[in-house]
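Have a look at the structure below before the remarks.
Going in written order, the chains are labelled A, B, C, D, E, F, G and H, and every chain counts its residues from 1.
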Amino acid sequence: MEKDELHALFQDIAEPSQAATRGKDSGFADLGFAKVDLTRKQRNGYPEVIYGEGKTAEQIIGIIETMRKQTVNILCTRLSSEKFEQIKKVEPDAAYHKEARCALVNRAEVKKTSSYIAIVTAGTSDIPVAEEAAVTAEAYGNRVERIYDVGVAGIHRLFARLDVIRAAKVVIVIAGMEGALASVVGGLIDKPLIAVPTSVGYGTNLKGVTALLTMLNSCASGITVVNIDNGFGAAYSASMINHL
Amino acid sequence: MEKDELHALFQDIAEPSQAATRGKDSGFADLGFAKVDLTRKQRNGYPEVIYGEGKTAEQIIGIIETMRKQTVNILCTRLSSEKFEQIKKVEPDAAYHKEARCALVNRAEVKKTSSYIAIVTAGTSDIPVAEEAAVTAEAYGNRVERIYDVGVAGIHRLFARLDVIRAAKVVIVIAGMEGALASVVGGLIDKPLIAVPTSVGYGTNLKGVTALLTMLNSCASGITVVNIDNGFGAAYSASMINHL
Amino acid sequence: MEKDELHALFQDIAEPSQAATRGKDSGFADLGFAKVDLTRKQRNGYPEVIYGEGKTAEQIIGIIETMRKQTVNILCTRLSSEKFEQIKKVEPDAAYHKEARCALVNRAEVKKTSSYIAIVTAGTSDIPVAEEAAVTAEAYGNRVERIYDVGVAGIHRLFARLDVIRAAKVVIVIAGMEGALASVVGGLIDKPLIAVPTSVGYGTNLKGVTALLTMLNSCASGITVVNIDNGFGAAYSASMINHL
Amino acid sequence: MEKDELHALFQDIAEPSQAATRGKDSGFADLGFAKVDLTRKQRNGYPEVIYGEGKTAEQIIGIIETMRKQTVNILCTRLSSEKFEQIKKVEPDAAYHKEARCALVNRAEVKKTSSYIAIVTAGTSDIPVAEEAAVTAEAYGNRVERIYDVGVAGIHRLFARLDVIRAAKVVIVIAGMEGALASVVGGLIDKPLIAVPTSVGYGTNLKGVTALLTMLNSCASGITVVNIDNGFGAAYSASMINHL
Amino acid sequence: MEKDELHALFQDIAEPSQAATRGKDSGFADLGFAKVDLTRKQRNGYPEVIYGEGKTAEQIIGIIETMRKQTVNILCTRLSSEKFEQIKKVEPDAAYHKEARCALVNRAEVKKTSSYIAIVTAGTSDIPVAEEAAVTAEAYGNRVERIYDVGVAGIHRLFARLDVIRAAKVVIVIAGMEGALASVVGGLIDKPLIAVPTSVGYGTNLKGVTALLTMLNSCASGITVVNIDNGFGAAYSASMINHL
Amino acid sequence: MEKDELHALFQDIAEPSQAATRGKDSGFADLGFAKVDLTRKQRNGYPEVIYGEGKTAEQIIGIIETMRKQTVNILCTRLSSEKFEQIKKVEPDAAYHKEARCALVNRAEVKKTSSYIAIVTAGTSDIPVAEEAAVTAEAYGNRVERIYDVGVAGIHRLFARLDVIRAAKVVIVIAGMEGALASVVGGLIDKPLIAVPTSVGYGTNLKGVTALLTMLNSCASGITVVNIDNGFGAAYSASMINHL
Amino acid sequence: MEKDELHALFQDIAEPSQAATRGKDSGFADLGFAKVDLTRKQRNGYPEVIYGEGKTAEQIIGIIETMRKQTVNILCTRLSSEKFEQIKKVEPDAAYHKEARCALVNRAEVKKTSSYIAIVTAGTSDIPVAEEAAVTAEAYGNRVERIYDVGVAGIHRLFARLDVIRAAKVVIVIAGMEGALASVVGGLIDKPLIAVPTSVGYGTNLKGVTALLTMLNSCASGITVVNIDNGFGAAYSASMINHL
Amino acid sequence: MEKDELHALFQDIAEPSQAATRGKDSGFADLGFAKVDLTRKQRNGYPEVIYGEGKTAEQIIGIIETMRKQTVNILCTRLSSEKFEQIKKVEPDAAYHKEARCALVNRAEVKKTSSYIAIVTAGTSDIPVAEEAAVTAEAYGNRVERIYDVGVAGIHRLFARLDVIRAAKVVIVIAGMEGALASVVGGLIDKPLIAVPTSVGYGTNLKGVTALLTMLNSCASGITVVNIDNGFGAAYSASMINHL
């Protein structure tokens, strides 16, 4: 924890008028359409992440250029392949993870943890959300184990992989439809479990609301939940836990 | 199936003006506040059941008296113990099932089926709904096996009773909270499964809506669902299936 | 029921680490993106069904190839005609049911039941869901009777076909809009009734939620319900009942 | 239609400052807590009705005293028996309709219509709402025919009374649970049908919302709907139609 | 009312097996995908209407051909212009009402009523729903007065047209957004008012649900409500009332 | 605006560890169960208000004692008369406004504004919410005009009072049921309008949600909305505007 | 306030039949598809605004032509660039604000206020809604300060701009996702705050409903709320306040 | 981790028929109304917890007696003081935490962690949920720091305690109303944050649903969420993380 930088941050909070004139020294870079947070790593342990949805390729490039000097492995989530093509021309080191719909820029080797995060899905259709989680976790220096398509309709598939799940330091369970897998895994492990409902399903699945409700009401303890399809958020929290 | 009585019923449908003058011959007894259905057994296989909620003890007694001549084992569901006390004075053969909140009147021996209905609950708090189902099923001549408190938080309890569940002709699974038990059982048996969501839970359980949604969206096949806390309805359908 | 295979299955559950090394002997085939369930027939009475939505044609072909050696009449539901065209090139015996949006592969003669499933719809727009049910039921060896467009706006159409509905061993009622047909049929038959709400309607129909709620709250007994537009699920349960 | 009074009303609208000084001549009597509408009969054909819920007995008495000089058969709905007892002491000609939870004050003979309103209920528990409708309709000079407990679970009961329903000038159908009765009646008559959903039911009935949705989405034409348990409103509209 | 035909209809209800063999004499024509209701005019006063949504042009043509012999002014609602072009080739007398998205076939002169239906909208965007209502009402022989764009944001526009609204026999009020117009008109007239919520609006308008709720909870009496955007249904009921 | 005090506040924000030792100097008084905000007047223009719901009388007394030295006219909202009786014993200058369910303590004369806030209700049952607003506004030094029971069912009552509404500096409109009054008033004035939905109504009123939705979707401009029954919040904002 | 014109308006209300013959003198111009409100400026302080959604370019041009003689700076919101291109051909002085999706026609210099409205957004994706607000406010003669992308994830960005926010006469806070920014700003200022929820977000954001609920339930006082994405409405109210 | 006991557990899963005869050796004790899970500590790291809601005092005593031999610090949550009084008579070492509504039985010293869990509340009314969390965490051997009533309406209170929050190993944030505190804290710390929505609030708070939605949609990363009012669940997960 860099105490000095943190202190400076709060100084900025205390004296807003000075910060306004100091510009970038105030802890962010003001691009007009965006105020890029330059002290998030000090406050939160990780640099700002670019949420690609609803931003133009030009805006994303502007943010990347601002972050590039001080951040490696800049992560951009919810990025269409069309926008990536435009970004790629300006940022030639950018790499796209198609299934995860994520890009990484200014890439560098990151030391991986020895403990790992287990990422478990109920079905094949949940894999894009799982890959968003996996790419995020790996970008943050975590070892990841993928255990896909072990939903409760064929519960023996889960039992066959239970050892690798139980040996993780933290487990992410990703499921759509009725989301029952989170409860079953939660009842069989002694590690923190982060559940991610997905919008996979139809009718009364209500675009993932059913899986969300299932996970929030689990009879198994030790389960916390993130927003529907939020693979990134689950991995972010899991990474914090895995690095403890 | 008594074809002749059925034919008479449809005659009544065809000639309403005559039926109106024929009174009770029209297939029902008109008590003013209620028109007691006297041909339900011919049409549906079971006599009318008295839904006690929202009826006074006096109204219930009136309906019992009308049914008594032609029906044995008159079932009254959703009956408070206070109302039962009033009914008991007039109908001394009435028996009350406290946990199930049901009463049986005009009781008679019914031949039990050799095949049985398995009634499975996730928790202890689901037992009142399970007992409503069990009392109904037994009144209709079904053998019943009760397997209570085997929710997925301790899934080995379910596996320990799986043999008796798998050997049933039809299975009723009753669960509140997130209702995941239905999916797990559904993935392990080859018999029709009727799922009953209960209002057990709090917060986003939404008085049983979460368990209902879970059951409707199950990734396991072969599951059909009834209304929240509707133990009677599940047993009614299960009895039809068990008698096939 | 093949007891020995079932026992082996539970052995696998007990010793996950062995199962993991045994690979396919563990009861499933691991394709990476999917773990194809190879013991579902032993557990559930029917082989795994491929849910086509959200899977690529390549993934579906991979699963078919895995199942082909041990399963006949492989069913793939929710399959677009575009994907089918791709599959057809690799699986020339595949047959597409356009209205049902289902494909059958590795087809073989199945002995049909003498008893039958009645499939009843309220309107013409409910026919695609009904055909998904019919194709599923026939693939599972059931005789099917189709009674389409007999909704309560013209209730005499229903009465004209009531004999064929009453003679079924199990009845599927499919309706959108307000879904009242399920209650009316339920009040006139003495067989299990599985109700399927459809998303046909507009405004406060809420994409089928209204029909679902109607069916769950039916004043007629003996009705169980599946998810909106889930013709497959209704037929799966009906087939279990019809084979009892 | 008293054109002169109506013209005066609109004059008041045009010149609010004058009306304010004219007091009661402005078309209402200002009691502080209430502004009693004295021109509603000219505008709407019926005098103001007192909605008892959320008003004290004192407030209700104050409104009655204001209306008494110009209005006969003052109707107060949603009135508890406790409040009525207090009112009765001051208004000795007040009569209470217990099941309807309505009171009538300043009673006078009203000439009844020769045509009649049919009030039809699905069950016994719907009767309180039906009686609110019946008392309202009769207070407004309508002949009423009550046809209670003819829900679709025993549809022959409906057919037995179909003649009296078909002969009405306007029909009110009152149903809780799934509310299917409205669609069935709507498909069999050629008169305007006003449907009243009731809060009778449990679980996913959602306090009447299910019956409301059913009625709004009816496949039968010619059905309009009022708020849940709004027997008064249905009778008010029906009376307007019956007097055409 | 043709009593004899009605009697025959109920005969069919009574003896379903005979009706099945009699085919079209049973009161409908069975086209396989549809059972065209041929006795609706006897039962309901109007012939069956073709709901175009979810039906192919071929299906619609088939139904028109079946109805043509006994019905004039066949109405088809919710019909896209694309489908109409296909129908027009086979049915050259078909006329399309673009704004209303309705077609009329087998057209004939109908005697118009002297009393009229007032159709009132809050805004310009509500006009398509209003035209569906107007075309329907005119097809059924009603005189119609259109009063468009008189919403409460400029309430003097409403007052300027109040005379023509008050002189109608029945009033249809069509509004989106918050739907307040229905309450205001309801407070100023003494005729039945049918309110139609439209899906015009955004955000918490929830595709018309807000306007629907407003109309159901109106503090003005004498208002009944139909489904969102259901111009046809409002006109159907209004026509019944206007012909009394 | 006391700049110096504000600066001190932000100093506290900057140096949390010092603030913690300084105790009350940090801008709040720490009572363990509560941290009473002592700088809210500097930041927000008004001192903290005590929300009585969910606090014990003892807790409320503790907070009053802390605030008393620096604040006059301490306002406590959502206070039952039972709790007030307990408080009154310790704070003898406390005054209770029964209809508003508010108490004022440490009362002092406040200079009233010459401009005023108009508080308008649709019905008699909305008065408790209106009084909460009126007591709040008066405690904050605003002149208030009450215009009660002028809902749109009798719109001439509104027009008769329009002059006094139009002459206000800011208008609060309070309505339950369908809440249409807000739109009508909004269309007739040129001042900011704050709309308060109330939970008055039944059935699909959904405890005020309907009135809220109506107000959020108003076709009239210049309307902003607060939470259901939030008379206090409306008056707080109106007071800010009235003091501009 | 032009009293005479206002009086004339109410005369029109009083005598609707005269107004109907007087045509445009009645306070509006009747274009058939629209009744353009010509007295809104007298009643509400601002002329009618054209809501572009759901209107054709032809309809919009017709309304502009009607308003042009008496109104400068005619504002058209929710206008696609396609429609604008069509309008531009006929109205060459029209100017389009692309990000705001607004057009201004018949432009004229308006004197700006010395006090200003602060428009604050949580993120970059909220800017289109903010620009709709800014264009509206500027068209109505308000000075505007834009403070974009200062959401609570990096709260120091907000503190750095707090001075400019606190110095505004009224503040608009625009936020999607969880909308927490409104509460934080509300706790730090002593001016009226109008909160605008946006539909930015995914999953349980429910298209802006979450942000709306957050804002309605804020623990900070002095916050009023408008419909989701309603930048126009917020600016309209803010302008009224800023001009006090 | 006791591998041998775990292996035995899975043996039970594998051979259900044996387990059924072995009784308690199967990993649970069968009390009829409950199957007490005796291997939860091996599987999940903590023994079973008794959820007191919906269980009778007798049932709870039965479960305690079963657990007492192998478990210390048996925790019973959601326990009313009435039930506790009954339990206390039989279990004299039981201690009740009134504000938390929890009881601890068979108490023993547990070694506390050196790292701690920070429990933060927005208001005073959230304290009962916070105490449920604190009692749970302490029972599981965690050091706890309580920081109560630091909601965003007076954000300086939060900043004054930020140091103690930032120094925790895991943070629990508990808030009702709009729940914005979770986002603000989340943006200022670099540790896992578990957010607990409470049912504190009124109107559109919807019994905690609003706070839940806020927390799920937080713009700050690193936040996971549990069910409304679920202090126990948050502490359970936090304890797992704190013990890593």
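Please note the rule applied: a residue touches a chain if its C-beta (ideal position, glycine included) is under 8 Å from a C-beta of that chain, and two chains touch if they have at least 3 such contacts.
All of these numbers come straight from a predicted model, not from anything done at the bench.
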Treat touching chains as neighbours and tell me the shortest step distance from chain C to chain G. 2
Interface overlap for chain A and chain B, more than half of numbers shared or less than half: same or different? same
Tell me the rotation angle, 0 to 180 degrees, that brings the C-alpha atoms of chain B onto chain H, to the nearest 5. 90
Interchain centroid distance [CA atoms averaged], chain B/chain G, Å: 57
Here the gap between chain D and chain F, centre to centre from mean Cα coordinates and rounded to Å, is 37
So the centre of each chain is just the mean of its C-alpha atoms; given that, what is the distance between chain F and chain G in Å? 26
Quick check: how many Å separate the C-alpha centres of chain C and chain D? 47
Shared interface positions of chain B, touching two or more other chains: 13-14, 16, 153-155, 159, 187-188, 203-205, 209, 212, 216-217, 220-221, 227
Within their complex, state which residues of chain F touch chain H. 9, 12-14, 16-17, 19-20, 26-28, 32-35, 37, 39-40, 48, 53-55, 59, 197, 199, 207-209, 212, 227-230
The answer for chain H against chain A in the complex is residues 1, 10, 13, 43-46, 49, 159, 169, 187-194, 212, 216-217, 220-227, 232-234, 236-237, 240-241, 244
Would you mind writing out the residues of chain B in touch with chain A in their complex? 122-123, 151-155, 177-180, 183-184, 186-188, 201, 203-206, 209-211, 213-221
Of all residues in chain A, those that touch chain C in their complex: 124-125, 127, 148-150, 153-157, 159-164, 200, 202-205
